[in-house]
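What follows is a set of structures for review.
Shared between the two complexes below is subunit A, which pairs with subunit B and subunit C, respectively.
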Partner chain A sequence: MSVNLLKLKIDGVEVSVPEGTMILKAAKDNGIIIPTLCNLEGLAPYGGCRLCLVEISGSPKLFPACITPVGPNMEITTNSDRLKEYRKMVVQMLLAERTHICSVCVANDHCELQAMANQLGVDHVMFERKFTQEPIDSTHDFLVIDRNRCILCTRCIRICDQIEGVHTLDLKLRGKDSEVIMDLDEHWANSCSCTSCRKCAKVCPVGAIYIEGEPIGHTKNKEIAAFIRDRRNRR
Partner chain B sequence: MTESTKVRVATIWLSGCSGCHMSFLDQDERLIDLAKKIELVYSPIIDVKDFPENVNVTLIEGAVANEEQLQMLKKARERTKVLISLGDCAVTGNVTALRNSWHHSDQAVLERAYKEPSDLNAAIPTAVPKLLIHARPLHEVVKVDYYIPGCPPSADLINYVLTELLAGRTPIMEGRSKYG
Partner chain C sequence: MVKQGREGNKIYISPVTRIEGHAQVTILLNDDDTVKDALFKVVDFRGFEKFTEGRPFYEMPAITSRACGICPVSHLLASAKACDAIVGINPPQTAIMLRRLMHMGQMIQSHALNFFHLSSPDLLLGMDSDPTKRNIMGIIEKDPELAMRGIKLRKFGQEIIEKVAGKKIHSADWILPGGAKWPLTKERADFLRASLPEALDSAQKTLELYKGLLGGLEEEVENFGNFPSYYMGLVSPNGGIEHYDGTLRIKDQCGNVAAECVDPTKYRDFIGEAIEPWSFMKFPYFKSMGYPGGAYRVGPLARLNVASHCGTPLADEEFKEFKKLGKNGVVQSTFHYHYARLIELLFCVENAQRLLEDPAILSEHVTSKALVNNYEGVGVAEAPRGTLIHHYKVDPQGMITWNNMIIATEHNNIAYNKAITQVAKKYVKARELQEGMLNRVEAVIRAFDPCLSCATHAVGQMPLDVQLVDSSGKLVDRKIR
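On to the complex of A and B.
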């Protein structure tokens, strides 16, 4: 099987990339890291967080790099002043949308949202913060979900479906009202499909799903999805 | 430098735990270098009653949570050239603003704090400033020029920002600032 290589430019550098590759991966393979939050190696891309937006010359639109395949002769910009400004705005909107208080969060110092804010220099939030009253579910023996800290990246939902294969978790409602639910919106303890595999807690980028009594640094594992996928593909 | 040519610096403690001021003091021996360039004209750690006029830099710790603090903040803004939010309570509301999710009147907050936990003789204090309905970060009330996040911000970060400002440069927060 021959692979069709496409020639394109990323940040002015000419690269050759197999057809069908997403811009995010094409950039990464060529040493250019585009900021992401919802994306996770090993899971199908979702395009939800909008941090990976890039510019493609010839189009006034911005494109999410995680779900946009490369095209021939594309000229892609990954880090213009406009993109930097938009990325800071995205992080600010995520921080404003729910109750993100790092100092009292279980994920303090292990949080991808916090790290992203630090990396991008988001030293304040220009939007008025919502102080939410989303339900917390601690009915499960050891898994806890605090929806006030959720950024709706859907990593937990995707790993539950695509890797564990049980699809216990899903989203209800839309927009800012969206909530991660178990089965048909049951308490976690009453979920008949949950296998208590903990993968949701391992990939949660923030402190929304965690394991009671376990240091969060032990729980988090960003490689778990790709690891299981690769092991499965060896068979 | 003579007193008159020094940069006039003030610090204010609103609704916070004083941890940011502790972090300020944690600059340790660097405070001696700082003292050569600045004159501390108002602060919880010096004995000055009124916020003075013509202040160059004011660092403010804590969220705005009551009427008195609101007036204080506005006065400081009027009398200061460069106003800095110091720490997460001033920058985000932080722990001080945790009540925002649950209580939507000053009375409800006071009852939760003074009546509900009390076994006998529960009483809500009256000789204290009226609470604002929600605790707010400073920049939702006045214009803020610089932000130093952190709970508390590290002494290194505070020192970096002050050093840059005193040298006439703009501090760069990418990769330096840190919530929590």
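On to the complex of A and C.
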């Protein structure tokens, strides 16, 4: 099967990538890293965090790079001043939306949101912080979910559905009220579909889902989805 | 509820500044201008007991240790011990040794901080010396070698904490209910062992220096919080000084054991907690004597008073000498906190050496795993400033439902007020506050080494507010620094 290669420019650099590739992947393959929190290799893209927004010449709109496929002769800008400002604002909104206190968080020093804030130079939050106080569900033998730290990236939901194949986790409600739930909004211990596979904890970018008593640096594994998918495809 | 302004014969001014560790002293006068009473007010509110409700118990060491940047390790240990009790297991022996070693580091750095940075300016430069020079910079100017010794000793303490637990301050990642997350490597232990001889030498030299000064400080010894009270501290099974485990012992002024709390979870049978409307700091008291008659003191002086020995050769020699200062081995003067602190500093360096020389400290088995088995846990440890108690209750999922913390500094609360009243009665004679008098009030507070930034002897502004109030409640004079 022949692959149709498209020629385009990313940040002024001429590249050629296979048709159908998403901009985020095309940029990465050519050494340009676009910030993202929800995207994870091995999982279907979701376009939720809006950190990977890019500019495409000819359009006043911004496009999420993870779900926008490349087109012929596109001229893409990934790091303009406007984008930098927007990204900082997105991180601030994430930090303000719920309760994020790094110093006492299990994910301190292993948190992608924290690292992103550092990388983008977010040194304050201009929005009023909500400091939500949702009860923590630690009914499961070893998995714990603290929804106050959730950034709604849905990595856990996607890996549970697409890799583990049980779809225990899903979202309820809309917008800022959205919450990750188990089955029909059960306590985790009462979920009949959960296989306790721990994949959700491995891909959670923050400290929302974790394994009780295990150093979070041991738990996290960003490559797990791509690794399993790759092994499966070999069969 | 915080009030502002005058009400009857009392004046509330609060909060004075951004109070993290700020104190306020109010002196009440009789009609004839003599001192009636003095109040040590802590107008700070932290709220740890309330806002931790609903958090998982295993987050408690990380959260509660944020109560203090000077002695976070003591909070970590008291909290971890309470969590050990909730999971209902004994940590592996090496984990306990490492926790103890880390605690020695904490004691060394905190005691060195108090003596060299906070108290030595009063002792070496004089109570009435120029306030602009009466700080660590003045000490550096007068005796650079001594200042360097203090800074290095403190660094050694901090390095122990860092090598054991990864960070010098707030190293909460390392501790785990039921043990610790990683063992001590040989390289790190060797690094610490190499620093021991210098630390031991420093601790001994400092103690000699202080003993040399004592002769000229008789008036201070006599008048700085020199009163009878109860004393509380942990002791080892054979009655020796103890900082991590053991039983809680309360001794009276005559040296008799007034109570021995073998099971620290029963601390509430011995300790009551009173509150006063003018302070956010609780007033713990010895229950069988009531409030305020059951005033007791904690910290280095109390630990040496309740113990029968130290347990390390050099410290034991000093301990015997120290005990001669009081009747029946009970030393009353608050001023001798300094002396007791330096003996303890020596003990801690020796004890750190003993722990580091034990090959078992390098064992890799430091973690044990367990879920919630008990719904209540109490952890008691000796912080540099005295007995620290953390008491948690959890639901079946391990979420905190109730939290009671008695911070070391609080135990001394009744004693602070007694001590500053005694100093004020001795030194305040007229309706005019003198700087030297102000400094003596501070100095007696400093001797206790409370965990308030007012004791920082800060270069520049000192956040202390002294008010002189006559019998009608009128503010006569006020000095804010």
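Rule of thumb we're sticking to: the second predicted complex is superposed on the first by the 235 of 235 C-alpha atoms of A that agree within 3 Å, B and C clash if a C-alpha of one lies under 4 Å from a C-alpha of the other, contacts with A are read in each partner's own complex, and residues count from 1 in each chain.
Here, contacts are C-beta pairs under 8 Å (C-beta built on N, C-alpha and C of every residue); 3 or more make two chains touch, one makes a residue touch a chain.
Model, not experiment: these values are computed from the prediction.
Judged by the touch definition given at the top, the superposed model places A:Q133 against both subunit B and subunit C. In the overlay built on the shared chain, the residue A:S103 is in contact with subunit B and with subunit C. In the overlay built on the shared chain, the residue A:V144 is in contact with subunit C alone; subunit B does not reach it.
Within the superposed three-chain model, A:E212 lies in touch with subunit C and out of touch with subunit B [touch as defined at top].
Here subunit B and subunit C are compared by how many residues of subunit A each touches, and B touches more.
Contacts of A:G121 after superposition: subunit B is touched, whereas subunit C is not reached. On subunit A, the surface patch touched by subunit B in one complex and by subunit C in the other comprises residues 103-104, 108-109, 133. Across the complex, subunit B is touched by residues 95, 99, 101-105, 108-109, 111, 114, 117-126, 128-129, 131-133, 148 of subunit A. Across the complex, subunit C meets subunit A through its residues 54-56, 58-59, 62-63, 66, 170, 172-173, 176-178, 181, 369, 371, 397-399.
The touching residues of subunit B, when paired with subunit A in their complex, are 85, 88, 91-95, 97-98, 100-102, 134, 137, 139-140, 144, 147-149, 151, 172-180. If you check the complex, the residues on subunit A that touch subunit C are 103-104, 106, 108-109, 133, 135-139, 141, 144, 146, 212-213, 215.
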